[in-house]
Structures are given as C-alpha cells and as structure tokens.
Amino acid sequence: MDKLAAVDVVNIIAEFSKVIIANRDYLNELDGKLGDADFGTSICAGCCAVEKIIPELGSTKTGFALGKTGTTLVKSMGGASGPLFGTIFMKAGKALGETTEVGVQELANMFAASLSGVKTLGKSDVGDKTLIDALAPASIALEAAAANNSSLQVALANASAAAAQGVEDTKNLVANRGRAHYVGERALGHQDAGATAIQMLFKVFADYVN
Amino acid sequence: MDKLAAVDVVNIIAEFSKVIIANRDYLNELDGKLGDADFGTSICAGCCAVEKIIPELGSTKTGFALGKTGTTLVKSMGGASGPLFGTIFMKAGKALGETTEVGVQELANMFAASLSGVKTLGKSDVGDKTLIDALAPASIALEAAAANNSSLQVALANASAAAAQGVEDTKNLVANRGRAHYVGERALGHQDAGATAIQMLFKVFADYVN
Amino acid sequence: MKKIINAPDHVLQDMLTGMVAAHPDYVRKLPDYNCLVNRLSPIAGKVGIISGGGSGHEPAHAGFIGKGMLDAACIGNVFSSPTPDHFLEAAKAADSGAGVLMVIKNYSGDLMNSQMAEEMAEFEDVKVARVIVDDDVAVKNSTYTTGRRGIAGTIFVHKIAGAMAARGADLAEVKRVAEKTVANVRSMGMALTPCIVPIAGKANFHLADDEVEIGMGIHGEPGINRCKITTADEITSVLLEKIITDLPFAKGDEVAVLVNGLGATPLMELYIVNKKVSEICAERGIKIYRTYVGEYMTALEMAGASISLLRLDGELKSLLDAPADSIAFKQF
Amino acid sequence: MKKIINAPDHVLQDMLTGMVAAHPDYVRKLPDYNCLVNRLSPIAGKVGIISGGGSGHEPAHAGFIGKGMLDAACIGNVFSSPTPDHFLEAAKAADSGAGVLMVIKNYSGDLMNSQMAEEMAEFEDVKVARVIVDDDVAVKNSTYTTGRRGIAGTIFVHKIAGAMAARGADLAEVKRVAEKTVANVRSMGMALTPCIVPIAGKANFHLADDEVEIGMGIHGEPGINRCKITTADEITSVLLEKIITDLPFAKGDEVAVLVNGLGATPLMELYIVNKKVSEICAERGIKIYRTYVGEYMTALEMAGASISLLRLDGELKSLLDAPADSIAFKQF
C-alpha cells in the first residue's frame, strides 16, 4: 500500500474508535493519576458518536471523513479533551481538503496542522505533559520520513514508535504549567492519558498499512 | 422535724440542684434510650440557673422559693422538660402560697397541684412512660400519708419509695401515645429519664427530714 | 464531628451574630433574647406573625423574616425549643397592637413553651393566637410529638399567614387562613445520612451505606421504614403516594409543591425529585400551580429531602402569589 | 455512593427536566440542547448574558437565569464543560441582535469549548464576547486550569453584567463592567469532605475525620494545604487573610461579601463564618456594603465554604443594587 484512499481513512477512523472504546477504563485510570479520571469516558463518548456516523463518511475526498470526525468529537466529548481531539481531526481534515490520496507528505502536513491547532487552542507546548508530547514527536517523525522519501509503512511505523516514546517520556515530566503542574513531583512515573490516546491513533495507522 | 420552714425548702432546692448536676450524664444516657439524649444537659442547665438564684430565695413564705425556682427552670431549660419541671415547681409554690410551714398535708396539696399542672400542660397521663409515672404514685403516697396522719418522715419515705417504684415501672411500659410511643417495644427495659429526676427530687426530700 | 463552628455551645449566638451582620436591612436582634425581629416591625395596624423553634433548621425560621412573611422569630438551641420568655419577647416585638399569630410546629417542647408564652402574653396585654403545624404524614407519634410532626409545610403557613397579615386582615382572619393552610398541606421526608447535634458530638442513629430512612423527621426521628436505596423516581413515588392518599389530593386539585432539601442534598438531586413529582401529578390530574425547590427547612447536615403539597383554592392562591421579601424566601 | 438519582448518566437530563417543571415562568429548555433559556429572552435591544459550565454546581448556572441576570445557560455533564454547540445555541437563544457576553470560569475545558463556540458564532452572525473569571486566590494552577480557577465570585459577574445589560448598555460596556468585576473580586474556599461524581461512583480524594483542605476547588481539586480542623474563626481568618492581601483590599474599601456553601454545609455554619468575616472587615476598616450568605456555587455534596470579596466603586454598587429576579438570586 502506497497511499491511503478516502475509504482507508474511514477504516482507520473506525478502527481507532474501536481501540479507544476497548481502552476506556485504562484511559480513565491514567487520567485518574493526574486529573479527574474521566478522559476514558469522555473520549469513549466521542468515539461512540463517531461509530454512529461512519456510514455517512463515504466520500472521495480524504479530508471529509477526518473533518466530520473532528466536529463529531467536539460535539460529543466536552471537557478539555473534546475541543483538542476535535481540533486534531478537524485540522487534519482541513489540511487534506479535497485530496483523494494520502501519502507520507500528506500525513506529515495533516499532523503538523493538528499539532499547531492543538498548541494554539490549548495554549500549551511540548513538555507540558499533555497529548502534545506524543503528537509532536510523531509529527516530526512524519516530516523526516517525507524528507527521506520513506515508504508509508516506514513513516507510520516511525511515527507510531515516536508517539510511544513520547508517551513514555511523559512519565518523567514535571510540568511547569497546565493541569499537571499542581501535582508537581507526584506526577512523576505516570504517563499522560491524552498522549496515550494519540499513541493509539498512530498505532492504528501503522497497523493498517501493514 | 415536723414541718418544713421556708429555709428548709430552699435547702432542699439547693440539694436537688446538686444531685441533678451530679447526674447529668446519667440522665442524658437514660434520655438517649427513648429520646434525644439531652434531658441531663437540659435539666442541668436549669439547676445551674437555680443555684445562681439561691441567695435570692430567702423569704418566710414557703411558696416563694418554689415558684421562683419554677420560673427559673422554665426560662433556662427549654425543650419539653423545661415547661414541665417549671410547672411542677410553680404549681407547688402556688399551692403553698404564703404558708410559712409545710407539713404532710401541704406536701400532698402541692404535689397534687404539680401533677395536675403537668397533666394539663403535657396532655399526658399515667402510663405514658413519662415523669408522671413517678410523680403520680408519689403524690398518691403523700395524700395517703396525710389521710393517715403519718409523720413527715414516713410520708416522704413512702413518697420516695413510690416514686422509685414508679420509675421501675416505667421500664415495663410500652406507651400508647406520646414520645415513647414510636419506639414501641424497643422502649421495654428502659426507665424514663424525667421520672428518674422526679425520684431524685423525692429522695432529696426524704433524706432531708431524716 | 466535623463542623465549621467555634464551640458546640456557641453555635446559636455565633449564628445570630452572623445573620444580623449579613442582613442588617432585614433583621435586628433583641438584646438578651434569642429573637430576631423584622427591622420594620411592629408595622402599624398589621397583625404580627412570629415563628419559633429550635435552631438547626436554617433558613427556618429567622430566614423568613421580611415583608409579607415573618415579623420575628425566636430561636432555641439546636433542635430544642426556646423558652417561653423568648416566645413572649418575639411576640411583643412583633405586636403593633393588632395581635400576634405564633406559628408553632407540633413538638411537645415547642407546644408547651409557646403555650406558656401565650399565657404570659395575657399579662402583657399582647393578644396572641397560635396555629400548630402538623403536616408530616409519616408517623402518628414520634420522639417529641403527640400526633404528627410539623415539617417543611410550615413554610407555606408562614407565607400565607404573612400575606394575609400584610393585607391588613385581623388576627382571627390571619389565624383562619393559617389553619386552612395547615388543613390543606401534607409533607413527608426521607434521609440518606444522619446529622450531628453539636453538643452531642455524634450522630444519634446510623444508616448503612445503601440504606435510606423513609419518613425521617427533621431531628432525625425515625420514620416508617428503613430500606435499601432505590432510584429517585421510586423514592419520590413512595413519598408522594403517602402524601396524596392522606389528604387525599384528587384529580382536578390545584397544588403548590415544595421539594425541600434537608441540608446536605445537592440541588441537582432535589430537581431530579421534582421531575418525578411533576410527572406523578400530571398522571393523576393534579395541577401544579407553583413549585419551590431548595432548602427551606433543614436538619443540619442531614442528606435527604421532603416533599410538601398544599391544596389551593382561590384565596390561598392569591395569598401564595403575593410578593414576599424575606431573607430566604423572595418572590416578586 | 448514596444519591437521590435514577442513574449516573441520567442526572443532567433529569435535573433539566425537573428545573423546567419547577420554574416554567423563568426558563424553557432548547430542544436537543442542554441549554436553559430565560422565558423572556431574547429581549429586544438588550445584550444577552450567558453562562456555561459543567453541572454539579447548582444553582450555578441555570439558577441565575432571570430578569437582571442571565438570559441563558448551557450545562455540561457533572464537572465537565458543555461542548461548543451548546454554548453556541445558548448564545443564539440569548441574542436579540445586540450581541452576547459569555461568562466563563477559567477551566481549560470551559475555555476551549467556549472559544470554539465564539468562533462558530461568527458564522451565525452572533456577536459574542467572553469574560473569563479567575477569582480563586488559592493556587496558581490546578487540575483543569492554567492560571487561577473561577469559583463563587462568578455570581457577582453574573449580577453586575446582568444589571448593566438590563440598563441597555452595549456589548463593549457590558464586557467592561464584567471585566471590572473580575478585576475586583477575590475568593477562596475550604472543604471538610469530598464529593462524588455520579459516573465515577466514588470520591476522588479522602479527608480524615479531623482534616480540612484549605483552598479546595469546586471540583475537589487540591488547595494549599491539608490541616487539622480548627475553629470557624481560625478557618475564616486564614481564607480572608489570603483574599484580602491578594487584591489587596485596603482600609476604606467598600466591599460586597459572599459566604458560599459548597453543598453539604448547614446555613448555620455559613452564618458563623460570616460573623468572623464581618469582625475581620470591621477591624481592618473594610466597609461591608452588602452580604450574601447561602449556596450559590456548589460542588455536589461537598461540605465546605468559600468566601468572596468584591471591591466596589459607585458604578459597581449601583449595578449590584439593581433588582434581580432569577430563580436562585432575587433582590428587590
């Protein structure tokens, strides 16, 4: 597989939803260490809403399903993560627009857009012990893969590995600001829930092309 | 001792206050079985107020100290027992009035007045598992003693014994109405707190004349 | 016992001080008496309305002092009746010469102390009448009562009598509508947790983690039965069934509803109860004219709620509709 | 978990149904949206005021819908921000064409969802401005915030902005006084017990039988320190000290005071706190212009209280004094 078609994007969205729903309690548990233990419930509500609209996602434009998934997440999640995950998909969709095929360069473009959208909305950055700490390294890995003309498989494998490492790194972060700040040293050893969901997203992408 | 003078009445009131104050926790505990465990606190507050006015109780009229004690109890106790114990002393005082000496007949008169006052105010009667179950038999004992021309010592010993028996009898009562009604069978085995205080009053009288 | 207090035997005085400090435009305190008095009272020609009882039921009763409701309230220690002199002084402060109605809940202590005050008032040339509220349909007798307890339905008596007095009616008329209110109001409560009287320092009963007490009184007196907690809908149905069949409230009746929190119950839960109340009334053809949801007659930090229904006629409706501007009950 | 509810995931809908049933003269619900709207809104020519946030803080925020306060509120799940479409629909329902001010408490979720709504509103031709309330002086950052949390001081923002809008001021002017209120209000709370989010089913922290948490947030977020419970006077002093030195409030300042219950604290205890508040203000020469005591911004059944102080100038005083007739905040 060289490029993802719109239908592949829909399949990936469907698979991501399945994975998230299966990990609801785990994500709640992770959020419980640094926050209010509702991230799993919240993103699960979002993914359930997404599952319901999967039949409506058919289109030749790859951006369509992503954008629609984003607005669905925004409308169904609430909390802090709703706008953030919504933005990730909405910005990704907007970056792809009417494109009918997604290659490595497109993947790099779309997640760069997602990353910048999240940073702006969340007023946060790398090192704040948030989902950005998984999204940023994955995005960088994709840009490197695009520069190196890597295959889709290699690009997504690298991105997934980078996201996984990013999640691992959140364990060692004591944030200077934001929600993880107040727990201070107590946050050490715990990985961020939102970052974990991002890693799951990249793993679904990587597994799909294999 | 044949008759009680006004000063004896004051001494008895003072002694009664002492006894009650010493039995605060015990009376609370008894009330706790059938009510809200505040009777000791309540009557103790009354007796503390009475102790403060003891110096003002000097008079040749035996009714004066009793009446003043009654109004003091009413003003300082609150709850259900305040008006009742206040009435006991107020009615007793009123029955004696300007009398300078209290013999058996006077004792019978004063507690008959107390009893009828309590029944009217409390809308209660013998068998309701209240202080009436101590006051009524004591009052009857005094009337019998008066009819038999018994001595003060015998009359008060009988009254005290009758009150004690009355308290004992409250253990076996399941009231048909009033505050002990709702606890029903659960009230069995527990003596009434108010009746216990009445018994203490008669015991103080009996001990004083010995 | 975990409370924001200074000392168990200071709670009444500290609270009174805090209330006057918060609402100097509504109330003043009588020196030497645990009585709060409407800043405007006595109001010339108006019958005075006073209420009294133990504290621990806030905002009842002093919180209902204000235009169109109470002229004064006398407040006892926690869950303990004030003594007659406090009732008397409250009555005197409320009296403009037109007489005073005492609103008393049916508890032995309140009854006896207020009755003594009524007798004392004669000597002070204050015309006093009393109305005894006994709206709780749960049990016939209870810890402090012979007959039914007076609970949250008392608020309606304050409102109706207050409005009638504000209209300039005489004492007999004010008493008449107060008694009419008592005759038409029925209530019942339930509790999830006990409360702690500060001076006692510990709860006087225990409820298991999954138990509720149906018919609980506002001092923690036992109710009808203790059962496993079920849904809000079921609990509401049980309470309302008992209330409706008692009067009985019938199809076509118009009612005012009061969903009252006992202290620790979130307003969210009271509204959830009210949802079911409105559904049951609709099913039964009972028309809801007005609804009040909130904390009106509490039992310290007890978790639980009571429901009151007041059957209305034209007169009661217009009195209920009248504006009121008290500390805790305001209506434009 | 012991609650009077039907099911953890029904609490929001059941509550909204119960609220509308209780107050049909004040609010209507937007079909398909968790938004309650003033029955009279949009009011021709008037700037709309809306507030939104998670539920569990009742009466905040829908309880402040009414004349002189809010036109609409959108309500999320317990302690969770509503999604942007709910903010948007609330804004649309409140807009008469004069624009809408959104009153938002400083929590990441509320901020982001309302910001998205603000962006979406542009496409719907609704002029929206936002004011962010961050009155809690306890901690700089917390579970859901960057910067200070918004807590009970928000009530003053509703009141002042609502009054300004009722006067017919334009959106910029309404926003100006709202921001002036935010600039002059400081709050801090403390808790005695945790609360339980229905869907979680258990408390997310624990306090020992003799512990209090000073600076606790309204979702149970940690504060400054956990210490042994002392007297109401001491606790009040600690909170007020932090509040007063923060702005700082100075001798000669005139303030409005809000002693707010977090859900399970008896009104009696809130008045006891207010006693000390009034004493401290008197000592420091801070003049209390108005005091509010009660439950305005709660955290489900959490026991505890917060204190808010708002420094007033002539403009804020007259806006605070303006009448208001909302469900839970009424002022003649």
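As written, the chain order gives the labels A, B, C and D, with residue 1 at the start of each chain.
We take it that a contact is a pair of C-beta atoms (placed from the backbone, for glycine too) under 8 Å apart; a residue touches a chain by one contact, two chains touch by 3 or more.
No experiment lies behind these values; they were computed from the predicted model shown.
Q: Which neighbours do chain A and chain D have in common?
A: Looking at chain D and chain A together, no chain touches each of them.
Q: Set chain C aside and report the joined-up groups of chains, separated by bars, or one piece if nothing splits.
A: So the groups, chain C excluded, read A, D | B.
Q: Distance from the CA centroid of chain B to that of chain D, rounded to the nearest Å?
A: So the centre of chain B lies 56 Å away from the centre of chain D.
Q: I'd like to verify one number: the distance from the centre of chain C to the centre of chain D, where each centre is the average of its C-alpha atoms, in whole angstrom.
A: 28
Q: Taking each chain's centre as the mean of its CA atoms, how far is chain A from chain B in angstrom?
A: 81
Q: Determine the centre-to-centre distance between chain B and chain C, using the mean Cα coordinates as centres, and give it in whole Å.
A: 33
Q: At which residue positions does chain B touch at least two other chains?
A: none
Q: Can you list the residues of chain D that touch 2 or more other chains?
A: Within chain D, no residue contacts more than one other chain.
Q: Looking at which chains touch which, would you call it a line, ring, star, complete or other?
A: Chain contacts: open path, no cycle.
Q: Which chain pairs here would you call touching?
A: So, checking each combination of chains, I get A-D, B-C, C-D as the touching pairs.
Q: In their shared complex, at which residues does chain D touch chain C?
A: 2-7, 11, 14-19, 21-23, 55-56, 58-59, 63, 192-193, 209-210, 212, 229, 231-233, 235, 257, 259, 263-275, 277-278, 288, 291-295, 298, 300-301, 303-305, 325, 328, 330-332
Q: Report the residues of chain C in contact with chain B in the complex, numbered from low to high.
A: Of all residues in chain C, those touching chain B are 76-77, 79-85, 107-109, 112-113, 115-116, 139-146, 197, 199-200, 204, 219, 221-222.
Q: For the complex, give me every residue of chain B touching chain C.
A: The touching residues are 32, 35-38, 41-42, 74-80, 82-84, 86, 121-124, 177-179, 181-183.
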